[in-house]
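Two complexes follow with chain A in common, the first pairing it with chain B and the second with chain C.
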Partner chain A sequence: MSEQYPALLVVVPLLSALVVSIAGWINKRLCFPIAVAALGVAAWSAVGLLLRVLDEGVIVYKLGGWSPPMGIAYYIDYLNGLVLPVVSIVALLNLIANKKGIEQQFPDKIGPFYTLYLLMVTGLLGIVVTGDAFNLYVLLEIAALTGYGLLAMGEERAPLATLNYLYMGTIGACFYLLGVGYLYIVTGSLNMVDIARLLPPLYQSKAVMAAFIICMVGVWLKMAFFPLHAWLPNAYTYANSAASSLIAPLVTKVMIYVMIRLMLTVFTPEFAFTTLAVSNAIVWLAVIAIVMGAVLALAERNLKKMLTYIVVAEVGYMVGGAWLGNRDGMTGAILHIVNDALMTLCVFMVVGNIVYKVKGYAFEDLQGLFRKMPFTMGALVIGAMSIIGVPPTCGFFSKWYLIVGAISAGHYGFMAALIFSSLVSVVLFFRVFEICFYEPFADHHGHDNHPGGMDEAPVSMVVPLLIVAVILIVVGLYTGDIVNHVIQFAIPETMV
Partner chain B sequence: MKIIGLIITVVTGALLFYAAGDFPAWSDPASPASTYLSPHFIEKTMEETSVPNIVTAVLADYRSFDTMFETAVIFSAGVVCFFLLRISRREDEEPETRYYRHVLTGVTIQLKEGHKMPPSADFERIDSMWTPPDLIIKTGCRLLIPFVQLFGLYVIAHGHHSPGGGFQGGVILGASVILLAISHDLRTAVRRMSEKLIGILCAAGVLIYACTGALCLLLKLNFLDYSALAGILHVDPITARSHGILMVEIGVGIAVLATMIWIYNNISSAGRYRQGL
Partner chain C sequence: MNMETIISIKPLLAVLVSLLVVPILVLSGKRPNVREACTFLAAGIKFLIVLSMVPVILNGTQIVYTIAEVIPGVAIKLRVDSFGMLFALVSSSLWIVTSAYSIGYMRKLKEHSQTRYFCFFALALSATIGVAFSANLLTLYLFYEMLSFATYPLVTHHQDHEARSSGRKYLLYIVGTSIGFVLPAMLISYSLAGTLDFSSQGFLAGTGSKPLIGLLCFMFLFGFAKAAIMPFHSWLPAAMVAPTPVSALLHAVAVVKVGVFCVARVLTGVFGTDLLFSLNLNVPIIYIASFTIMAGSLIALSQDNLKRLLAFSTIAQLSYIVLGIGLLSPKGMTGGMLHIAMHAFGKITLFFCAGAIFVATGKKNISEMIGIGRRMPVTMAAFFIGSLSIIGMPPCGGFISKWYLVLGTLEAHQLPILFVLLTSSLLNAAYFMPFVYKAFFCRPEDAMFESRVQEAPAFCVVPLVITALISVILLFYPQPFLRLAKMMVQSITGV
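For the complex of A and B:
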């Protein structure tokens, strides 16, 4: 059974999406259990794969029994072995937490919602697990298309914001495809490992350089890297909470994974960092991304939009870390994929709970929430600590690696940006805490202005949220193991 | 802003042209794309899959996994259209006024406050913006549709030997039903293929594809390795590949057929499933 994990990981969510779609027409109550079971199997397979990779190293799975480069193959190594469990577990926890919200928002369209949700997860898992550059594009298409559908369902402005995302996302995907096409023209292969084998003699070719640049720009568009980030805040803010808390943690992080995969596996780190000699400029772009993200977040008077700008800043962390060109920076970037997925999930799930209860997420709606929703707010505190980078939450450790990487690369601008953004995060979150804790201010005119007692979100929403909050701390405590047993082997030895 | 956009477009275009300078010459037989994998496909396809059409073999066997997800892309497009556009009756606030037309005499009846008329052959339901369908178009399309559908089935079944296959055949089949909706009205088409049927078919098509793959998995070979089906089909593993391709092509055909109609229904009626265009 365990040798079929790579197929099960992607095929079970796909099959269940189809079954859920049919079940939606027959009996809506079947949809949720099927979806949870499928994502449970996917998470199980992902964890099983990681354990197998730790045991035996790289796993190759030939789809259709055709060996690469004739057919398509899945490669699971330390890099995607680490990302797969994160994607599947984030998707599973978010699905469980949002059951009530989904039923509240789309009573008539439960079937299609779960179908799109599962297809989206299929797409993301497929992007991460695949070893074929074109197969990656096909799954990118699935993840994008279903993502547009999920995000467009929300507030009144959601369709327009998503249309904007659709234009940008489609251009990004086209760029990636164009880059893969260029690589195919010069190498004749689509398999990543095979391309990597054929490329070195061609590194001076203009076509290969153009292919790399086009792929990178496409991926940056998809991950909302500054200055290509403009679509993200509105698209994520106005969407329904189940969709935004799935897509905000995962899509940008999976695209960072794709970028790192291209840099490390398809191309060599030497090509990315020395032949092209653009890495310094990209790190400076990342610096601007971080600073702009932090400043724009500061200007927001609304919790969800503030968080979306933090997502933009976090993308800057990871792109900058990856392009520092040394081992510590890359370790920080890979570790931050895991940590940022979890902490973004945590804070967006908090927003989901608040929206479910208060029906709003503007700062004025947050007054008195510590009294009203203590557990949700407790999770927000942990998530915020992690985003700020307070030990022992996981956010501290990846930031630590990024800063060490910045120092050993001699890139003090990036270091300063990291520290600046941490300080801004302190301001951002303590402003929110202040509103939630102290406001509404006591009224001295004797009116009875005390809000009622506790009014927490349902247990099914709070428990997954608290699990995520605990995971944030646990991952932080086990950072050493993750780095020493997994990430260390994910980075080629040639990179120092 | 427009000028910046223009500059970016020109620079990107120039970069692409500059890079194209290092491409192998146009239709160069010695280019990597034609010397690396293509010879294998050209020489071995018949031997390995017993399918004469190389394109079909690459699409539905060597790279079958991609094609499965392309079908899933089409399926998700259908679901997204439904999810975003369909307006359920509950969201339409007031109980609607219905109009019925007596087919023989053309007399129109108005029923207010959500009253309904039992289905009968004498009356057809119409909208306030009703226009009579043209007799020539109606009759012409009715004559045409069976042949269009027959051709669609031929294209699906003959994908192994000639250009064609599930995608093309499915589109032709879907177009035949859309032709019915255009020449008559959407209600006529929905009466033939209900929304529920389309929704289920759409998923069932992809399900046939994915289940064929999963069946290979249950028979102890890798996902979509059709040679595993040899035992069930009582043929040798090479012929089993050819049959496996036919199975998935049928799945693709059904999925594409249903999705075409689903998307047309939702867009043309803005999600209300009334008369349509």
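For the complex of A and C:
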């Protein structure tokens, strides 16, 4: 059984997506348990895979028994071994938390919604698990197309915002495909390990350099790396809560994973940092991304949209960290994939709960929320602490590695940007907390200026949220183990 | 310093007690008596745990406990040494007294959200003890930030416009400086030395260039803005919008002392006295502290609001501690550390009195309190004792720490600083004594109160009598604080 984990990971959500769409016609209530079971199996397999990788090292799985380079192979090493559980657990928790929200919003589209949801997760898991550059493109499109569908199911402006995303996303995917095409021309292979073996003698070739850069630009478009971010805020803001709290934590992070996979495995760190000699410029781009993300977030008077700009800034953290060109920076970037996925999930789930109860997420809608929804707001506080970077929440530790990496690379601009972003996050979140805490102001000084009791979201939404909030702290305390036992082996030894 | 160390979970328990009581406080929110009983229980247990470690520490042994190994070379780790023990003893004992006072104050004024108040108070105490017992800079930073955020809802308890603007100031100064200065300084120190563990002679010696070390020193000095060193002091007067027990325990003891404790810890445990001395960094430190002392005292002179006066007095007194450490002489450092304890008991008494007056009469301004001594003789007697302690006159404990500070200036050959200390004492007398005098001795037609004795509730009066008595007792029996301070100084300087 455990030999089949790599296949189960992708096949179970894929097939159950079909089952769910059929079940939706028979009885809508069947959809949710099937979806939970499918993602449960996926999460179980992902954790099992990580444990096997920790035990045995890299796992190669040949789909259908066909050997590469003819067949498609799945490679699970320390890097995707770490990302897979994150993706599957985030998807599972979010699914459970949003059951009520989906019923409330789309009472007659439950079947299609869960189908799209499962297909989306299939795509994301596939991108992470695959060892084939073209297969990755296919899964990228699966994730993207289902993502457009999910995001478009939202407010009035959602379809238009998603159309914008569709244009940009398609261009991004095309860029990636073009890059892979170049690689195929020069190496004659689509298998990542194979390409990696064939490439080194060709590193001076203009075609290879072009392939790498074109792939990078495509991936940056998909991850909304400033200034290619313009599609993200509207698309995520106007979507329904279940979709945005699935897609915001995962899609950008999976694309960061793809970028790091290309840099570390398909190409080599030496090629990326030395032969190309553009890393300094890219880190400065990341600095701009962080600063602009923070500033644009400040300009928003709307909780959800503010959070989407924080996502843009966080992408800058990871791109910058990865391109610092040293071990600490890369460790920070990989660690931040995990941490940022979790903390983004946390804050977007909070938005989901607020939308469920208050039917809005503009700043004016948030008045008195500490009294009304103390558990949800408690989770928001922990999520905010993590985004600000307060120990012992996990966000602090990835920021630690990123800054240490910046110091040892001598890149003080990146360090300053990270500190700046922390300070801005304090302002961003305390501005929200102030509204939730003080307003509406009482007319006279003093007592009981917040009438009205608790009006918390349902237990099925609050409990997963609190679990995520606790995970933020637990992951923070286990940072040492994650780095020493997993991330350390995900980065090639040649990188210091 | 090759001290014996033992591994024990006690320091962690001391930190956790008040954290774990929070859910119980929330659940018992509907029954205030049960809730307050739980607060007392937690405070009592915390104090007993701290107390149970005193004999071990006095024997020259350290207690360590590692919570989690988070970063190579840096763990979240607790370590109890004599300096940390001194601070933990002060804050955990005063929590018990303040809890009693809180009950009297909050109930008499019928404050809203009392459960929230007691919960965050407990959280703040966890963080305070955590700072006292931190073994390295990361752990220190963790608890320091926890304290910043846990005290925010206490400062802004009234939830009105004034509370909001004070809360903003509070966060801007305290969190702004800790993220803006301390965090990068800590990471640069880690990059230089590869460790963050405090040691008796610091770990930065021989790692960085002179200008860099100097820069780090000032980033830490101003970064711990809870120490209220000018120009990062104005959050403290603003924080006086908080209910008085908060001002008393947090803004006279826990929060501000955490600030100076952190400064002292970093100066001695990160830089080390030799490094500071060889780079001449002690001179700017003592002059910055002296400036804060003089300016704080002078501003206090002009205050009419009693709590604001006390706040500026606190700003000045905190810099005594920084000054003592900055002198780098054994007597000066002893005086500085001892002042943490002596000032705490004196100043908390004064705040308790201010709160008691507010509870009993609703008055906040000194100009409205003429003749208050006839109405509240016990409170004002305690106020007199507290102010004597702050001025540094016998028969109060404040005398000892000032005595050591004065000796320290002589030892370090800093005569101008001696002048600063003496002038400041005069200024202290100048802002306290007229008030005390007018409270008791005024012409009957000037008195603003009837001569009928009417004190605040017993829950308010008893705590302030206790702390006033302790202030007096500390002169005659300054142990174990004096011994702990001397032990710490000995481990740093070897004298």
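Rule of thumb we're sticking to: the second predicted complex is superposed on the first by the 488 of 496 C-alpha atoms of A that agree within 3 Å, B and C clash if a C-alpha of one lies under 4 Å from a C-alpha of the other, contacts with A are read in each partner's own complex, and residues count from 1 in each chain.
One rule holds for everything that comes next: a residue touches a chain if its C-beta (ideal position, glycine included) is under 8 Å from a C-beta of that chain, and two chains touch if they have at least 3 such contacts.
What you see is a predicted model; the values in this text were computed from it and never measured.
Asks: I'd like to know which partner A:363 touches here: chain B for first, chain C for second, both or neither.
Replies: Touch partners of A:363: none, neither chain B nor chain C.
Asks: With both complexes overlaid on chain A, does A:429 touch chain B (first), chain C (second), both or neither?
Replies: After superposing on A, A:429 lies clear of both chain B and chain C.
Asks: So, does A:392 touch the first partner chain B, the second partner chain C, both, or neither?
Replies: second
Asks: With the two structures laid over each other on chain A, which partner does A:139 touch: chain B (first), chain C (second), both, or neither?
Replies: first
Asks: With both structures placed on chain A, which of the two partners, chain B or chain C, ends up touching more residues of chain A?
Replies: Comparing chain B with chain C, the partner touching more chain A residues is B.
Asks: Could you say whether A:403 touches chain B, chain C, both of them, or neither, answering first, second, both or neither?
Replies: A:403: touches chain C, not chain B.
Asks: Which partner does A:489 reach: the first (chain B), the second (chain C), both, or neither?
Replies: A:489 sits against neither chain B nor chain C.
Asks: Touching chain B and also chain C: which chain A residues?
Replies: none
Asks: Which of the residues in chain C come into contact with chain A in the complex?
Replies: 67-72, 75-76, 110-112, 138, 141-142, 145-146, 149, 153, 156, 158-161, 163-164, 167-168, 171, 175-176, 179-180, 183-184, 187-188, 190-191
Asks: For the complex, give me every residue of chain A touching chain B.
Replies: 4, 7, 11, 14-15, 17-19, 21-22, 24-25, 61-66, 69-72, 108-109, 112-113, 115-116, 119, 122, 126, 132, 134-135, 138-139, 141-142, 145-146, 148-149, 152-153, 159, 178, 182, 184-189, 198, 205-211, 213-214
Asks: State the interface residues of chain B toward chain A in the complex, per the touch definition above.
Replies: 15-16, 18-24, 31-38, 40-41, 61-66, 68-70, 72-73, 75-77, 79-80, 82-84, 86, 88, 90, 196, 199-200, 202-204, 206-207, 210-211, 213-214, 217, 221-227
Asks: Using the touch definition from the top, list the residues of chain A that touch chain C in their complex.
Replies: 385, 388-392, 397, 400-401, 403-404, 407-408, 415, 419, 422-423, 426, 430, 434, 437-438, 441-442, 445-450, 476-480, 483-484
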